[in-house]
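Consider the two complexes below, in which chain A is the common component and chain B and chain C are the respective partners.
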Partner chain A sequence: MIEAMTTDEVHVTVGWEEEGENKGGNGSGESGKSTIFKQIKLLFQTGFNEAELRSYISVIHANVYQTIKILHDGAKELSQVESDSSKYVISPDNQEIGEKLSEIAGRLDYPLLIKELVHDVKKLWQDPAIQETFSCGSIVQLPDCAQYFMENLDRLAEADYVPTKEDVLHARVRTNGVVQIQFSPVGEGKRGGEVYRLYDVGGQRNERRKWIHLFEGVNAVIFCAAISEYDQMLFEDETKNRMMETKELFDWVLKQRCFEKTSFMLFLNKFDIFERKIQKVPLSVCEWFKDYQPIAPGKQEVEHAYEFVKKKFEELYFQSSKPDRVDRVFKIYRTTALDQKLVKKTFKLIDESMRRSREGS
Partner chain B sequence: MPQYQELPCGGQELDIDTALKDGILGGAPELGDATAGDGGKQPVELRKMMDELDAAGDGGGDEAVPAVFICPISLEPMVDPVTLCTGQTYESANISRWLALGHRTCPTTMQELWDVTPIPNTTLRQLIAAWFSRRYTRFKKRSADFHGRAAELVHGLRGTAVPKRQPLKGQARVAALRELRSLATNHQSVTKAIAEAGGVALLTSLLGPFTSHAVGSEAVAILVSGVSLDADAKAALMQPAKVSLLVDMLNEGAVDTKINCVRLIRILMDEKGFRPETVASLSLLVGVMRLVRDKNHPDGVAAGLELLSSICAVHRPARCLIVSIGAVPQLVELLLELPTECVEPALDILDALAIVPEGRIALKDCPRTIPNAVRLLMRVSEACTQRALSMLWVVCRMAPEESAPAALDAGLGAKLLLVIQSGCGPELKQQASELLKLCTLNCTSTVFISKCKLTKTIQ
Partner chain C sequence: MASVAELKENHAVATAKVNTLRERLRQRRQMLLDTDVERYSKAQGRAPVSFNPTDLVCCRTLQGHSGKVYSLDWTPEKNWIVSASQDGRLIVWNALTSQKTHAIKLHCPWVMTCAFAPNGQSVACGGLDSACSIFNLNSQADRDGNLPVSRMLTGHKGYVSSCQYVPDQETRLITSSGDQTCVLWDVTTGQRISIFGGEFPSGHTADVFSLSINSSNTNMFVSGSCDATVRLWDIRIASRAVRTYHGHEGDINSVKFFPDGQRFGTGSDDGTCRLFDMRTGHQLQVYSREPDRNDNELPTVTSIAFSISGRLLFAGYSNGDCYVWDTLLAEVVLNLGTLQNSHEGRISCLGLSSDGSALCTGSWDKNLKIWAFSGHRKIV
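Right after this comes the complex of A and B.
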């Protein structure tokens, strides 16, 4: 199942964010691992050709339906539950559209997004109740790509629509199984361009502890943690905070014997969303960050909050690492997986770091 | 270039022919002022030139000042040479002082002076002035070159060169930084030129979350080479993203990079607006401890200990962090292997850590604390003895039943008696006797004597 490592290949495992092993369900992922994979394909391989781009159309349309359904059903639920319920009540002329779209999106197969349907979706999206629901997206389990697709509806429904790279990067589809990709970050032809092999294990649903040791020989583990989800609950267990789940998972991975000497790269991902959220939702809503003290509104606050989160992860790393493991390489990277330039720079740094540790400097 | 002949007595004789050719003796027009016969003006200018050349430590490759130009009394080049009746020449001020003290002999030949009148040696004065004048113009030209080259490099990196070009990137940038670093470390005066060309802001801007170590290590090396960092620059360097890079390089760079990062952090810590939480970073502390444990590089050990010591002094919560990464046993184990000058800083740190409860517990739990501390008593310095004693005091007080016998086994008794009988300060002796009392509470005198291996006389 795992290939043997040859001397000029570097194997990296992309960590996963949460697993539902005890919950019987599926982990909702969404930490950005697959986006990283897509970026690698764009940056270091041949990118997506037209056929591949077109293969994403159904996914993108599905995301649109899923988004509007979540918003519609969410608004209905909030209007019954919330004390301030009137703002969540969908206006009368849109209610019929809402029911129709919700029904369509509940089917197994989605119809292609055509102009009439788009018109309906747009009308519903602009409904004040829907907008109000959108602003509490964290509660209703709204995917992060929601706003992006809603704002590009017309383009998505064009008859000759071919998804752009950005569309593909935003498209959300749950990974199944283990995905593997092979690339060279320094660029082919350049001397010393090592071959990297990256595994995304996010989709593996079986009990983690049974197969994790198969990755014992890897050079590094990349753990993706979406720092923007400090106020979100798990998809499959709405009582559990996603960040707490991430914390437990990271702790578990660090303590695995098979990774005693493995380098750890922690990607604190979705910084762009974190940046916007921190102005509205205090970090302290997450139990792990309850001792956070804000300093001043604005850009300073973002940096301060980020440093706080980073320190918490650092603390966790050193607490979970026995003294004999403290010497393994541990680096934290601030990432926004959607930003191609940033991902490229990050991998350049990773390449430099791995080269240094291989040379034993 | 004047040719010199080695004299059998070890001096050098100026070859007149080549000196003539090179214009020392007034052949070349450039020496205009220096050879003018204006006695009053010359010494001041000449003194200025001499001082400047001296201060610049002007290169090792140059020829030394000719022996005949040196005053035998002060061993400094003469500005106003005067000759005595014995034919020996001295600096006027120096020989005047000698004669004023009542001497009537020639300092070098010891002959009695039949005539104490000093004769101004104009020939020699002109030769000295000319020689220094040439030396000075050459020095100025060379310095200007270094300064010019440094400024050129800075502008190249900034993209502000004339004619306008893109700022250097990639390998070219690393090469330029490397050359700049070499200039800055070899020629102190260049740091001023770097600052004037806007180098400090450039270097600061180069440090960020995506800086490669190749670029970062050169930039930091230049920043600690003596370039003056104003308050703005230091404030910029204290930004978390830049500090993160320093911490990274501290953990993964080559040894001199690590040392430079330590030095830069130390410089920032001295600045007024420094926020102590910046150094409360586990990665930083782990990196510094790694440096301290690297026995192959004593420079790094010293630098690391100094930084740790400052951190302990500046930020109390950092002490708990330092203890939490296991620094106490690591430092204790190192104590006997450290170079002598590092023992006191290491003990200082342990002393500071012992103030927090976790630190005290760590000291007690470490099996080598007692034996190593006992070994250090009366071994390095009084200050070290005092700190080692206080460490023992902490441990013994926390758990007297186990610690006291262990301490006595390690030879504490004899050492304490030594302290009490030594020339150490009274508080130290007092502490020693109290510790002795504590440790011997449950000891019978025979056991005590045998443990101390006391000789009959001291008994």
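Right after this comes the complex of A and C.
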């Protein structure tokens, strides 16, 4: 009557990074792990059918409202606080539109994004003050999908709009529970095809110590760290640097007794954003990386900076792992969750690695 | 309109003021507390409870879970037990025969709590899915032999840590959650009737981990939290807590009303159990372990229960100990963890049968055990 847990199922827990408080879907700080979930669905499952794609319309529209509100409110705040405040003052023609959109976006239920509203959003988006605010997106807690959706506004508001896979990958929605997905990187039914179950626990915004031990026995923990966030502050505490928070979290997870024998996969995620940012914002703004010395501008710098960050995580891993845990598997992967090919390749590598360690045991 | 900086400063000033007032309150209470239960009882010459190691024995080991046991609950009338495990299953046991009558596969395996409905026909469970699922034990199993969920109570924004049906009311259930609130649900409609805490002030300021409804007055319940406080709630007035109880120095993992409904007990990460007076808010007694000789990490209290009379307090600990405390004299009269046949891991949950004749303990060693008073021993 009671079947034992089948041993050819591999349970992996997706690690987490702090997510912003989300009344009405606001907030940022996603490490990209739910994007990875969507990629998995696209790569290793049947993908999204039309009904599922359509189900994302309200989320995407919500993201549009949230983005423009963050920009509008952000511009207003910066115009009061910053020394050269004038550049954040929204032009008189757009102020009324701005207030209206901000009010709409503050409601619990958003109206459908129709042509008239899109026209207003576009007008506001193009306001120099808003553009100025956008350029310091890190300060105002702007989600990464902001630019993508702003640049596709017309398409999003069409009457017969069906979101593309790309749109869905960019969409941001917060869950409260645990998201679960089952897949096989090699292909279900194929010989040697391991079944993976992935659990995303990022939706829990509470005391992890009270439930983390539920995961004792998973084969691996995937920890997603958005390396592009070295200059950003937490949504819920603007005095705290996100990278420092990630560092503390990673350290904490490594030390948990329930993961003594568990393999760790570290995804250094959002490499694409990291690549662009490193040219403008020095790594050393983050306390953990304060001893970083740049070498030369351009591609070389990106690689150099990435290796530096990777080394910091490696050092942290070994510091936080007691001697009796040295034989646990630890692998680092450079990822860009939006890049489907890269995600596919990463999971194939993980699959090989997990196989090897299971055969060895 | 005040700037962000001004608001932050006002907030800091207000917080400091609250802390000062709180400290003054604490000192005032200290002054008024002239004695505790232990000293009073000893002064009265109360005789200790006499307990032999053979008075309480393990008479059943319920094996069947393939993962850690996290929660258990007895039926109010018959001797059935429902248990929840990390293996993603609820099992319903006949405690007398050890037979498993139901094995329910859960959609979300991360379950943290389970409870029997008053009529014994349904069970509820909840966990990391942030929802409470109700199963009717009489419903038809599907093709795969699984019981369907008859109702899902959704709305919490964090894990469900504990759930309890309102005694004698099949349709009302209270949950506690990692989202810092407790909720009263109407099981038939799935609607939230009241939310305790959250947006309203006087709610908990951290995860709520446990709750206990007063069987003498089912309008009242207490909740214990990671904010180290217990709060008393009146179901009819959700907007504010009736009272907050301070004293513990760590997460409160378990709260239970004392049989007379005038007091309640608590168990905490700070390694102690405490007894509080519901009406006055006074901390009546602290039950602290002797420090470990080996100076290991202090075992935490995971779960508690009172005997029928309240003379005994059962406390399960993270290191597998299960102390039987004499509540009056604050002495440990028995440690079930050292008896024959004891658990081999953390005690995660425990509960007394409704007639008080048996104690069931659940452990991370994947088993449940039933302990019964043997021989001439009367139920205490």
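Please note the rule applied: the second predicted complex is superposed on the first by the 341 of 361 C-alpha atoms of A that agree within 3 Å, B and C clash if a C-alpha of one lies under 4 Å from a C-alpha of the other, contacts with A are read in each partner's own complex, and residues count from 1 in each chain.
In the analysis below, a contact is a pair of C-beta atoms (placed from the backbone, for glycine too) under 8 Å apart; a residue touches a chain by one contact, two chains touch by 3 or more.
All of these numbers come straight from a predicted model, not from anything done at the bench.
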Practice task
Please indicate which partner A:Lys261 is in contact with in the superposed arrangement: first for chain B, second for chain C, both, or neither.
Solution key: neither
Problem - First, second, both or neither for A:Gln180, with chain B first and chain C second - result: second
Practice task
Tell me which partner A:Lys311 touches in the superposition: chain B (first), chain C (second), both or neither.
Solution key: first
Handout entry: chain B versus chain C as contact partner of A:Gln80, first or second or both or neither
Key = second
Exercise for the section: Examine A:Lys210 and indicate which partner it touches, taking first as chain B and second as chain C; both and neither are also allowed. Expected result: second
Problem - Residues on chain A engaged by chain B in the complex (per definition of touch) - result: 303, 306-307, 311, 314-315, 317-318, 323, 326-327, 329-331, 333-334, 345-346, 348-349, 352-353, 356-357, 361
Handout entry: chain A partner contacts - residues on chain C that touch it in the complex
Key = 3-4, 64, 66-68, 70, 86-87, 89, 91, 100, 103, 108, 110, 112, 127-131, 145, 156-159, 161, 178-180, 206-207, 209, 226, 251
Handout entry: chain A-facing residues of chain B, complex
Key = 209-210, 212-214, 239-241, 248, 252, 254, 281-283, 286, 290, 324-326
Fill in the blank from the handout: In the complex, the residues of chain A that touch chain C are 1-2, 4-5, 77, 80-81, 176-178, 180, 199, 201, 203-207, 210-211, 213-217
